[in-house]
Amino acid sequence: MSVAQEMLRTTPSQPGYPAADLAACIEACLACAHACTACADACLGEEMVADLRRCITLDLGCADLCEATGRVLSRQTAYDSGLTRAALQACREACARCAEECEGHASMHEHCAMCAEACRRCQAACDRLLGDA
Amino acid sequence: MSVAQEMLRTTPSQPGYPAADLAACIEACLACAHACTACADACLGEEMVADLRRCITLDLGCADLCEATGRVLSRQTAYDSGLTRAALQACREACARCAEECEGHASMHEHCAMCAEACRRCQAACDRLLGDA
Amino acid sequence: MSVAQEMLRTTPSQPGYPAADLAACIEACLACAHACTACADACLGEEMVADLRRCITLDLGCADLCEATGRVLSRQTAYDSGLTRAALQACREACARCAEECEGHASMHEHCAMCAEACRRCQAACDRLLGDA
Amino acid sequence: MSVAQEMLRTTPSQPGYPAADLAACIEACLACAHACTACADACLGEEMVADLRRCITLDLGCADLCEATGRVLSRQTAYDSGLTRAALQACREACARCAEECEGHASMHEHCAMCAEACRRCQAACDRLLGDA
């Protein structure tokens, strides 16, 4: 059982989503935030960094929104469904935009290929909680 | 001139919004993130903390989304309008929900009154960038 | 292979620490940040929330420092060892303080027991990178 | 009166530092976090971005630590002096390293000059709370 699942199992509050889906989305957000932070750094280290500006900016923004969403989803006590949905929608959009950019040069940079995968997994996990998957 | 305005004046990139509106929104996001963090802490210190759970959770989530949005807006190099709009929409919604909650007990807790004001200012600044004000 | 390991494998930059130790510390930081965020939320949901104020405040602060440290460690391009060590030292101290608090009521709250474990793992991972383990 | 001062005035908790110094440090942390985020973005937009890698990485790390420290300082309920001091020490070190780097090319890039100033102000504010100023 993952840490996210264990924490949901032991909270006294009633989660607003099925625990397995919720834990999967929290983990996908955290993994994507990390992949985006690391991809931005790897892009910065590439010789052709000047051609990767858009990728770096999208990575950094996606990391911020995934991290914020992972935190919001980790709070189930007296939680507000409106705020949670707003975070999920922003996170999903950020992941979609960042994935599209990274996929465009995935063949040249393996870190972009891996970041794109993390973004698509997070996008799908948000879709599921939003009821669109 | 504020730090946000000075930074926009000296960046080599072309901001995606009028600089004055953009600087105002960045500052409103940062001020709201801080007010929400401090309000959550003040609520935690109140004798009636058990009645303020919803306020604390909304404060913490609003702080996270305002902070992420403030960061996203601070990046103007090769920025992506889709990601930026998604952040602004989430931030605006979080501010509206948190303001409504804080306004509900503003007469009892001055920190909630102040937090609600910061949320409403941030909501309005997001509205302006989104073209809805 | 974990996402953190894969990202280190594919970056063009030379990491400042052995990759296995570095990846383990990044993952420990992210897991601890999440456990602390979730533990603060679970404490807020407990009937005896008024007795858990110190735990909540330590959880929130530890989450912030672990998250910042996880991000700092994820950047290996032209990285600065002084800044990295400063982050690791703060993270280690935060984890030690939070673990001690959570251990004090681990028998009563399982989420505190799990959070304490995540803190001790992160503390040990920081120790290793700092050369004190 | 600033938002940080107002929030300290209205919290039911007893702050662990003189309110004026504490509010000044919170504001310096938030201003520095923003300046660093914006400076990293401006550096990314410069033609000579490949020569600014070290500045970008220091900016991003300093932003993360300043933001985390600003949050830690904003919590005064049942706060832990050990965790707070650890955050202040990390923040001070990050600001010193980032300022030194930015000062090195302040004559060429005005955003670096401004970022260095924000770092030095934050470093001094941390010094004061740590009792070293």
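Going by the order they are written in, the chains are A, B, C and D; count residues from 1 in each one.
Definition applied: a contact is a pair of C-beta atoms (placed from the backbone, for glycine too) under 8 Å apart; a residue touches a chain by one contact, two chains touch by 3 or more.
Bear in mind that the values here come from a model prediction, so they are computed numbers and not experimental data.
When chain centres are set by their Cα atoms, the one at the greatest distance from chain A is D. More C-beta pairs touch across one of A-D and A-C than the other; that pair is A-C.
Interface repeat of B-D: among A-B, B-C or A-C, over half of the contact pairs recur, by residue number, only in A-C. Taking each chain's centre as the average of its CA atoms, chain A and chain C sit 19 Å apart. Centre-to-centre, using mean CA coordinates, chain A is 27 Å away from chain D. Multi-chain contact residues of chain D (touching two or more other chains): 41, 44-45, 47, 53, 56-57, 60, 67, 71, 75, 77-78. Chain B contributes residues 53-54, 56-58, 60-62, 64-65, 67-68, 71-72, 75, 77-80, 82-84, 86-87, 89-90, 93-94, 97-98, 101 to its touches with chain A in the complex. Within the complex formed with chain C, the chain B residues making contact are 41, 44-45, 47, 49-50, 53, 56-57, 60. Residue ranges on chain C touching chain A, taken from their complex, read 3-4, 6-8, 10-13, 26, 30-31, 34-35, 37-39, 41-42, 44-47, 63, 67, 70-71, 74-78, 109-111, 114, 118.
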